[in-house]
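What follows is a set of structures to go through.
What follows is chain A paired twice: with chain B in the first complex and chain C in the second.
The block that comes next holds the complex of A and B.
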């Protein structure tokens, strides 16, 4: 199941957990110096390597429409660079919707797993399983001293980026974000806002990930992120409760109004959706609202991204038709009714 | 039935119709030169004059609490001057809730009738009936040349003010209010905003009334107001439809959001209520919303006025508790559930 289709541990604070491994094949230059023939060879080799065993879905990513590519980015299946790049490239998706192997992103291979809630170990295990499978079939570039060789030196070593997508309205409200950013930087972690790309924290969604890949093991990286995340979860819950206690009625009113608008508005733009999502998701965690779940709201957020809306709904094009389809999708998913085309 | 408890003709545009007759008793000076003993005599005489026939409820208005007095003003049962004045005065209310006789407002007697929707003739008939009853028992000050003698010269003649409370979102939106004001002035009518006292037209409620009382008959006054009101009703409907057609989706969105906020907000202040009321009442008239009626919304507006809320709900005092009770009252009345104390 996709990360936005199932619940998960500490879902009140953690939206999803992700692990990404960068890998390259010996005997081929890095991506920007590859000719199209070599690219096609690499795609074929990775496809073959995963052909046996459990099911994978292969997609010639370059042949997809722009809408489909951006929609995949909005679902967090692929990176923005991969979605918006050019030239031959492919995407292999595990049938259970938790793993995405980008072929010819920045590196020859990028294994990415994404699991619901706080589940870094599970995401890591899944990534490692695919890595092992590829390693047994392909000659992966690895140096005894440096570790995995990658296109960008910042990925050298483990080639791993582990991350958690956190919902942090309490911390954001407390104004402690800047200091959190500094603290995390000192221990080799980074935090960035996810409401819109790298924009302000209207949606209170933040991705926290490791920056260091050299001189550490994968296990150490995951363990450290798990440890820090556990502390942040507690901090967020405390601040959320404190914010609530400071003025229960005013916060309840804000939450209920946002819920009312979600149920009744007929035109909703992306920026407002982030705000409504944030209010209502907070309301669910505080027990103010009990007729919707956090994962349902996460699903709404994904299903209401611009390209996803265009992909999943007939006749959606311009801003107005997107806002209309977004409002309809919110209402449909809040009521628990079955979804349209997809 | 009170004007906000029943439907009425052209209720999409006309909230209520009102007629007020100013009368004074011969042998007593006007109000500001009356001593308390004379005031009590006048109160007793008027009370006696209405004692027979159909039922009236007598209230020693001066002994009411400030909350009860202001609440009566908010329900349009009495004038602001009467509610906020001092000294002996009384209110006689017809048992059917359509007539209110203020004793010792500016004049000795002010007969006021208020009926739902566009029903000026009905309001006039009711006022005339009470007037006849009083005239048969009391020596009413009347001059062959001047007509009824009143405290203020602007009421000399008929002593009558006929008015309609109109809901005019279309005209307000069109920006033609100023020109309407000028036009009405030229034919002896006046218009004033009613959202809050004389404030801006956030709520789109306007009272249109005659200014001239001298040299015209009561019938002429009512006939002219009826004629102009009929034209305004048509104009308002046309402009409302035009506003809707200009951007159906955007207006529908605004209406549905306001309805959602009414159903879900837990704190609502008076100013916002006027805005929500206006949006939803417009939505009802356009057929965008069909699960609530105009008179139900009018009832909500009255029942959510500050003093009415304090009078009708236990424990309501400060602004926060009023905003809370207002939100609860809106939800309760929208759902059609029975009301609290009253």
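The block that comes next holds the complex of A and C.
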């Protein structure tokens, strides 16, 4: 199931877990040095390598409309570079919606898995399974000393980026983000804000990932991220409680106001959506709101992204019609039967 | 290539940065680079991307400039050398901040080694491998452990054991030699 369709562990803090593996095929240059004929060869080779089962869906990504491409980015299926790039490229998606193989992103092949909640081991196992399938059919570029050879030297070694998307209103409120960023940097991890357009931190969403890929094994990378994430989950929960206890009435008021807007507003823009999402998601974790789940809110956030709205709704064109469709989508998804189990 | 400033000496220091989408590049000799550094022209910090950037964006920019940072590039220009597979020169790699093809890492292994160890704080991969390399990796590990075993056995004056291990090692090496031919 897609990451926004099922619950997963520690969902109050962890939105999703991701693993990305960068792979390249020997004898082909990288990026701009590839001509279109070679690009098509690579696409065909990867497609063939995964053709044995029916569990993959192949899409000629270059032939999709811009809306569809950006919508895929907004659903976290592909990277911004891949969505906005040009030239032949393809996307292979697992039928269960958890794995995406980008062909001709920065590297020839990017295997990406995304699973709900805190589930890095699951994401890693899925990525490794696909990696094994590709490896049995393709000559993957590798060097005994440098490991997997990648376009950018920052990915040499394992070619792996493991990450968790965290909802951190408590830590953000405490103002400790800068020092957290520094601390994580010292142990080879990075944190990035994941706000929408306008780049405000209203969504309180942050992605934490490993930076180093050479000299550490895949297992060590995952284990370290798991260990740090566990600590951050505890810290976040404590800070949320503290924030709540500091002024229950004021925070409850803010949360309920945002919930009220979600239920009744007619027009909602992206920036407001992030703020509403963050308030109500916090409310759910504090027990202030019990008629909606965190994963339902994550689903709302994805389904209300601009390109997704245009793709999924008829007659959405300008900003006004988008804001209207967004408000409708929020209301519709809030009133639906709860998905998944807490 | 001549230094952009004095137009006399060979340029050995290549500086490249991108600020707000604007690219700036300088090719200087060591002398002029030293002056520029003293004047604070090259004193820019690593352009670490903003905290609230979009996911996945910015990484390339950051390391693109890291790759071309003067201190990291060192003095070698390796002017004539070209990658046999993709035709890239080391200067191409520096300008792009990325390799031209997998083979580039072999072609320019000397030039790249300090940059790689600077980025990762390590020089040797310790993780997984494609299946066609696994046998070789296992064999290497076996040879290493046999060599270690022989050394220990000799130190302990257990010559019988050392001889046995040596025979085993010889057999493996002979087999490996056949394979390679």
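Just so it is clear, the second predicted complex is superposed on the first by the 333 of 342 C-alpha atoms of A that agree within 3 Å, B and C clash if a C-alpha of one lies under 4 Å from a C-alpha of the other, contacts with A are read in each partner's own complex, and residues count from 1 in each chain.
Heads up, the rule we're going with is that a contact is a pair of C-beta atoms (placed from the backbone, for glycine too) under 8 Å apart; a residue touches a chain by one contact, two chains touch by 3 or more.
Note that the coordinates shown come from a computational prediction; the quantities given were computed from them, not determined experimentally.
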For this session: Classify the contacts of A:320 with the two partner chains as first (chain B alone), second (chain C alone), both, or neither.
Result: first
Exercise. Is A:265 in contact with chain B, with chain C, with both, or with neither (first, second, both, neither)?
Worked result: first
For this session: Could you tell me if A:256 is touching chain B, chain C, both of them or neither one (first, second, both, neither)?
Result: first
For this session: Specify the partner with more touching residues on chain A, choosing between chain B and chain C.
Result: C
Exercise. Once the shared chain is lined up, is A:334 touching chain B (first), chain C (second), both, or neither of them?
Worked result: neither
For this session: Report for A:223: first if it touches chain B alone, second if chain C alone, otherwise both or neither.
Result: neither
For this session: Using the superposition on chain A described above, determine whether A:145 touches chain B (first), chain C (second), both, or neither.
Result: second
For this session: Please work out whether A:81 is in contact with chain B alone, chain C alone, both, or neither, and reply first, second, both or neither.
Result: second
Seminar exercise, completed: Residue positions on chain B within touch of chain A in the complex are 249-250, 252-253, 256-257, 259-267, 320, 324, 327
Exercise. Considering the complex alone, what residue numbers of chain C touch chain A?
Worked result: 50-60, 63, 67, 85-88, 97-102, 105-106, 112, 115-116, 119-133, 136-137, 140
Problem set entry | chain C-touching residues of chain A, taken from the complex the two chains share | 24, 26-31, 33, 76, 79-81, 106, 128, 132, 135-136, 139-154, 156-158, 160, 177, 181, 188, 191-195, 199-201, 207, 212-219, 221
